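Here come two complexes built around subunit A, the first alongside subunit B, the second alongside subunit C.
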Partner chain A sequence: MSVARHSQLSPLQRLLQGTPGLWIVLAVAAGASYGFVQSPRSLPVRLLLIFSLLLIYFMPQKGWVKLLYGGGMLLIVLPYLGLFNPFLMELGFQIAAFATLAIGLNIVVGFAGLLDLGYVAFFAVGAYLWAFFGSQQLWHTDEAPGTFTIFATFPFPAWWFWIFLGVGVVGAAFTGVLLGFPVLRLRGDYLAIVTLGFGEVIRVMANNLDKPINLTNGPQGITPIQRPPIPSFFTSPEILEQLGQLAGRPVGLNDLYGFFFYFMAVAILVLAIFLALRLDNSKLGRAWTAIREDDVAAVAMGVPLRRTKLAAFAIGASFSGAMGVLYAANRTFVSPETFSLTVSISILVMVILGGLGSIAGVVLGAAIVTMLNIDILQTLSLQLSSLRQGSGTIPLLGIPWASLPTQLDPARYQRLFFGLLLIVMMIFRPEGIIPSQRRRLELHEEPAQEPPAAQIEGEIEPDHKLES
Partner chain B sequence: MRLHRPNLLLEVLRPLGQLLVFILGASAVISVITVLTAFLIRGTRTDMDLLQITLILLPQVLIDGIVLGFMYATIALGYTMVYGVLEFINFAHGEFFMFGAFAGVEFLVWMQGQGWLPEGQGWLAYLLLAGAVGVGMLISGSISVSTERIAYRPLRGAPRLVPLISAIGVSFLLQDVMRFYQSTANGAFYRTFPTFGGFSERITLFALPLDDREITIAIQMTSILIIVVGSVMLVGLNYLVNATRLGRAIRSVAQDRNTAYLMGVDVNRIIAVTFLIGGALGGAAGVLWSFRFTRADPYMGFFPGLKAFTAAVLGGIGSIVGAMLGGMVLGLLESFAAAYLTIFTRGAFGAEYKDIFAFAILILILIFRPSGLLGGKTTQKA
Partner chain C sequence: MRPLLELRNVTKCFGGLVAVNNVDLQIEPGRIASVIGPNGAGKTTIFNTITGIYRPDAGTIRFDGQNIAGKRPDQITAAGMCRTFQNIRLFHNMTVLENVLVGAHTQTPSTLWGAMLRTRSFQLAEERARQEAIRLLRYVGLPAGLGDQLAKNLPYGQQRRIEIARALAANPKLILLDEPTAGMNPQETEAAIRLFRRLRDELGVTVVLIEHDMKVVMGISEYVTVIDYGQKIAEGTTAEVRKNQRVIEAYLGRSATSAQGPVGEGS
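Let's turn to the complex of A and B:
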C-alpha cells in the first residue's frame, strides 16, 4: 500500500517527505510571514502565504502533523499577521466565505450532479433574512425607500445574530426544497436553465419588493445591519492597547471585527468541510453518486430519487444560508447587486477549477478565484493606473503607458477571466486541479487501455464503432 | 432517389399560415383573459374606469407584443436549430446575438461617418438596413462557427455538463471581449443605433372613436420591418430544413448522428453549418433588436437569450414552428404584463415583474408538458 502511494507522489511531494519536508514547509511559511511583517502590502507575499497553506495540504505527512501546521497557520500566524495589514483578515474572510459557498454548491453539482446556476439565491435568502431582522427595516415596511430616518435602536438586539445563523440555515434549506420540488423531474441542462431563472427571480424580487410592503428596500439595499456583539473582554482598552503595541498602530473596534469575522468564517468553513466529508462517505452520499451516474439505475436499486435530490438541494443551500447571514453582518449592508448571476457563476468556476466533487479542490478553487477577484486584478488595476500617470513606456512596444485608455482596467474584466478559465478547464482538464478520485478515473482512462475516442475524426462514440 | 418532391409553394405557405393562426389565436386568448380580468376587478378602482382603460390600451399592447414575439422567435430559432441537432443548449447564443447587433450598428455608424446615411425614406435606406442585417449575420455566423470549432467540438462525447459549462464560459468571455473592444475603441461600452431612413415614423392604422375622444392605433415602420424580416427568416429556415438536400442532411444528423455518418453525411460539416445558420439568425435578430431599441450593449444578449430559450422550450425545442409559437406567446405575455400589471394591482406590482413571468412559464411548462406545446416526442434526455 505504502509503496503504491509513494509511486503516485508528484516531484513536489517527494521533496516534502519526511523530516526535511517538515522543515521546508516551515521555512516557506516562516519566510512568507517574515516577508509580510516587512512589507504588509505586497501581493507576492500574500500569494506566498496562500502557497504555504497549499504546501501544508500537499505534504505527504501524517494527518495530525498537517492539522497542526494548518491550524497553527490559520488560527495563530494569519491573525497575527492581520495585525499589520487588516486586509489580510478581509481576504481570509472572503476566501473562507466563498469556500463555504463552493462546498455547498459542490454538494449539489459535484456530489449529486445537479447543475445549479442560481446558487447565489440561497446566499441571498440568508443575507436578506438577517438584513431584515438585524436592521431597522422592520419598522419601515410601509415607507418608501430613502424616506425614513435611522434610529439609534434596533427591533432585535444584536445577539439575535446567533439565532439567525440557525434561521438562515433553515430558511435557505427550505428555499432549496422549494426550488427542488418543481424541478425534481428535470435533468441536465434544463435544470441548469431553470435554476438560473430562479436565481434571477430572487434578484428581481429583492430589487422590487420595496412595494407594496417595503421588505428589501429595493435597489438601495438595507443598511445599517447590526454586527454581533464582541465579548467586552476584547473591547477593553487594555486589550486594545496591547494589540496596538503588537501591531505598531492603534487597533480599534473595526479591526476586532475583522478578526471576529475571519474566525467565524473559518469556523463555518471547517464545519462545512467536516460535514461534506462525512456526507460524501455516508449512505446519502453514495445515493447522490448513484443518481449522478445513472438515476434510472439508482431508482431501480432502491434509491429514493425524490428525497435524495431534495436533500442535495436543501443541504447545499443551508451552507449558503449560514454564510449569507454572516456576510450581511460583515458588510452591514446588502443590496440586490451582491447576488447577480456573475456571483453564481464565479462560485461555479471555483468548483470546476478545483475539481467537481473534490473538497480540497473546491477550497483551492475558492482561494484562487477570490484572490483573482478581490486582490490580484485590483492590484493589477492599481499598478496599471499608476503606470499610466507616470511617463514611462511599455517595454518592447515603445508606446507610452499614459496613452493606454482608462477603460483598460483588469478589475472590470472578471467575466473575461472566468469565461476563459471555464473553457480552458473544460477542454484540457475537466476534472479540475485536485480531482476527486472517481472523476479522474472517469475522464482520464489509463493510456494503456485504449486510445482516446476523441481522436477519431468522425466523432463516433467508441461503443458504436463497427466491429470487424 | 428522391421519394417525393416537396411542393415549394406549400413549404412557404404552410408556416406562414401556421404563424398567422398562432398570432391570431394567442392574441385572442390573452386579450379575452385580460379584458375579463379587468371586467371582474373593475370595482377595485374608483379613480378610473378600468375596463375602458384596458380597452384603450389593448391594440397598442397587442402590436407591441407581436413585435416582441417576433424578436424572441427569431432568437429562439438559433437555439432550436442547435438543440435539434446536438441536444445541447448553446448558452452563448445570446452573445452571438449581441455580436450581430454590434456588427450591424458598427456598419451603420461607419456609413454615417462616410455621410452615406439618407435622411428620409427610400430604397437606399432599406438597402442599408439590409446591409446591416447582412453584416450582423456574417459576423455572428462566423463567431458561432469558430466557437463550435474551438470550444464545443473537442468536448463532443464528454458528459453533458462539460459542453454546457464551456458554453457558459464562451458567453462570459464574449461579453467582456466586446466590452473591451468597445470601450477601447469608442470610449463607451455601448453603441447607439444611428437614426436614418425615417423608420421611426408612425403609420396610423385606424382610429377608434371612444366617447368624446379618438384613439389612434399606430404602428412604427420599425415594427413592420421586424415582422416582415422575422417571417422571411421563419419561412426561409423552414424551407431550408424541410425541402432541400442540406436540410435533409441536417435532419438526418439530428435524428441519428452515427447512422447519418455511415450513410455518407459529413457530420462535422453539417454541425458546423447548423451553427452557421443558427448564429446568423441570431445575428439578424440582434440587428433588429438594436434597430428597435436603438442601442447595443455587451450584456444585451443575456435576457433576450434566456427568454428566447424559454420560448423555444415552450414551443417544443427542436421544432422551428414551435419556436415561432413560443416566442409569440412569450412576447404577448410580457407585453401584457408590462402594460397591465401596474394598473390591475394599483401599482403594487410594477412592470419589473415581467421577467419573472418568463421564468414562471418556463418552470410550469417543464413540469406539466416538458415536450412543449408542439413537441411530439419527449425531448428531455439526460
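Let's turn to the complex of A and C:
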C-alpha cells in the first residue's frame, strides 16, 4: 500500500519532499510576505500569498508539519501583514466565509448528491436572525421602513452575538429540515427547481416582511447591526499605539474588527472542515454517499432515506447559519440583495470548480471565486481606469488608452469569466481542481500475495475458515 | 415448524396490470428455497414487495412473527431480511469495504455526536464494523487486499460476491438472492452454489433464490415455488415440481406437454 501511495505523488509534491521541500515552501511564503510589506497593494503579491498556502496544503510532509506551517501563515503571518493593508483581512474574511458556505453546500450536493440551488437561504436565515435581534429593529416593528430614527441603545447587549451564533446554527438547521420535508421524494431536476424556488421564497420574504409587521425592513435592509464587543485590553490606547508603530500608520477600532472577523471566520471555517471530515468518515457519511450512488440499494441495506437526507440538509444548513450571523455583524447591514440567486450559484460554482465532494477542493474553489469576485477583476478594472486617465497608448495597437471604451471594464465581465471557467473545467477536468479521493482504508491485513488481477474470477476456495 | 416468512394473498398491481396475483408463500427457517418462473412472471416484483420497495395492494406479509407489509425497506432490513439485486446494485464509487460497511448500517451503533466528537464508543463501533466487513469479504471468497478498490473496478463475478457480503453485513435471518448466478460461467456458478450452501449450513441463514438457471435451481433448492403470470402455479420439492404438468406447460408451452419433457436443463 505504501508503495502505491508514493507513486501517487505529483511532480510538484516530489519537488517539495523532505528537508529541501520545507525550505522551498518557507522561501515562497517568506518571499510573498516580504513582497507584501514592500508593496502592500500589489495583486500579484496577494496571489503569491494564496499560492504559498496552496503549497503548504500540497506539501507531502507529515500532518503536524503542515499544520504548523498553515497555522503559522493563517494565524500569525497573515494578520501581521494585515496591519499594512487592512484589505487583506477583509479578503481573508470573505474567503473563509464563502469557504464555510461551500463546505456546507458540499455536504448536501457533494456528499449526499442532493442538488440544492437555494442554499443561500440558510445564510439569509442566520444573517437576519442577528440582524433582527442585534439591531434596533425590534423597536420598530410597527413603523414603516425609513420613518424611524436611530437610537443610541439596542434592545439586546452586543455580547448576545455569541448566543446568536448558536441560535443561527439551530435556526438554519431547522430551516434545512423544513425545506427537506417537502423535497424528500424528489430527485435531480425536480429537487433543483424546488430548492431554487425555496431560496427565492426566503429572499422575497425578506423583501416583503416590512408589513404588516416590520420584521426585515424590506428592500432597505436592516442597519445598524451590533458588532460583538472586543475585550477592552485590545482597545486600550497603548495596544493601539504599539500596533500602529508596527504598521507605520494609525490603527483604530475598525482595524481591530477587521482582525476579529478574520479570526472568527477562520475559526468557524476550521471547525466546519473538521466536522465535515469527521462526518464524511462515519456511518452517516457512508450513508450519504450510498444514497448518492444508488438510493434504492441504500434503503434496501437499511439506510433510512428520510432521516439521512434531512440530516444532510440540516447539517449543511447549520454551517451557513453560523456564518450568516457573523456576516451580519461584519457588515452591520443586511438587505435581501445579499441573498440573491446569483450567490447560491456562486457557491455552487465554488463547489464544482474545486471538486464535488472534496473538502480541500471546495475551499480552494471558494478562494478562487472570491478572489475573482472582489479582488482580481476589481484590481484589473482599477488599473485599466488609471491607464485611461493617462496619455499612454496600448502597445502594438497604437490606440491611446483613453479611447478604450468603458464597456471593456473587466469587472463587468465577472459572469463571463465564471462561465468560461466552468466550461473549461467541464471539458478538461470535470472532477474539479482537487478531486475527492475516496478514502483509502487501512485494511489491517497483509497485502495480497499476488496482484489481484491474477486472481481467477469466480474461484471460491477453500481455505476461508471463519476468522473472527 | 412456524414459517420464517409467510405471504398470504399478496397482490400487487401496476395500473391495470396485476403483476402479483393473490400469492401465498411460506418459507421455513433454515431452508434453501427457490422462486422460479418464466421471464416476466413477477418473481422480482414479489421480492420487491417482500422487501418493502413496493407496497402490496392486498394481503399480509409476516416475517419472523411480525407483519411487515407496508413497512419501509430500511425497517424490513433492520428486522433481519436483506437482499441482492438482479442487476448488481453496488455503490460504484465507494470502496469494496465501504459497500459492506453500508450493509452493516443497521448493525453499527454509532451516532452523530459520536462521529463529531470521535468518542471511544464510536471508534470501537467503527473498528468492529470494519473487522467484521473484512471477515465477510473473506468469507464470500473475495481475495485479500481488494477492500480499498472502488467497487466498479472489480470484475463481474467478484461484484456479485461483494453484494452478498454487503447483504450479510446486515446480519440477516433471511437472505433474498435475485438471480445470483446470472451471467456466470459454469465454474463460477458451481462456486456460487457452494457459497449459498455455506450461508445456510455455516451461518444458519435462510436462503431464498430467484433463478433462471435450472441447473442451479435443481441442484440446490429444497423447496421450489413456481410463478407464472403473477400467480403461484406449483410448489414442492424439485422432484415434485419437475413432474408438474402446469410447470411444464408454463416453461415449454402447451403443445410440448404431450412430449413429456422434464423442466429442461437450463432454459
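The rule is short, and it goes like this: the second predicted complex is superposed on the first by the 435 of 468 C-alpha atoms of A that agree within 3 Å, B and C clash if a C-alpha of one lies under 4 Å from a C-alpha of the other, contacts with A are read in each partner's own complex, and residues count from 1 in each chain.
Here is the rule we use: a residue touches a chain if its C-beta (ideal position, glycine included) is under 8 Å from a C-beta of that chain, and two chains touch if they have at least 3 such contacts.
Values in this document were obtained by computation on a predicted structure and should not be read as measured data.
After overlaying the two complexes on the shared chain, residue contacts for A:G18 are found with neither subunit B nor subunit C.
In the superposed model, A:P157 makes contact with neither subunit B nor subunit C.
In the overlay built on the shared chain, the residue A:A290 is in contact with subunit C alone; subunit B does not reach it. Contact with neither subunit B nor subunit C is seen for A:G390 once the two complexes are overlaid on the shared chain.
Within the superposed three-chain model, A:I193 lies in touch with subunit B and out of touch with subunit C [touch as defined at top]. Looking at the shared chain after the overlay, A:P44 reaches neither subunit B nor subunit C.
By the touch criterion defined above, A:P182 lies against subunit B but remains apart from subunit C after alignment on the C-alpha atoms of chain A. With the contact threshold set out at the top, residues 443, 457-461, 464 of subunit A are in contact with subunit B in one structure and with subunit C in the other.
In the complex of the two chains, the subunit B residues touching subunit A come out as 88-89, 150-151, 153-166, 168-177, 179-180, 183-184, 187, 189, 257-258, 261, 267-268, 302, 306, 309-310, 313, 347-350, 352-353, 355-356, 358-360, 362-363, 366-367, 370, 380-382.
The residues of subunit A lying in touch with subunit B in their complex are 109, 113, 115, 117, 182-183, 185-190, 192-194, 196-198, 200-201, 204-205, 207-208, 211-212, 295, 341, 345, 348, 352, 405, 407-408, 413, 415-416, 418-423, 426-427, 430, 442-443, 453-454, 457-461, 464.
Contacts from subunit C toward subunit A in the complex involve residues 51, 53, 72-74, 77-78, 82-83, 85, 89-95, 97-98, 101-103, 105-106, 108, 110, 112, 114-116, 118, 122, 126, 129-131, 134-135, 138-141, 143-150, 155-158, 161, 166-167, 170, 184-185, 187-188, 191-192, 194-195, 202. For subunit A in complex with subunit C, the residues that touch the partner chain are 1, 275, 278-279, 281-287, 289-290, 293-294, 296-305, 311, 438-441, 443-449, 452, 455, 457-461, 464, 466-468.
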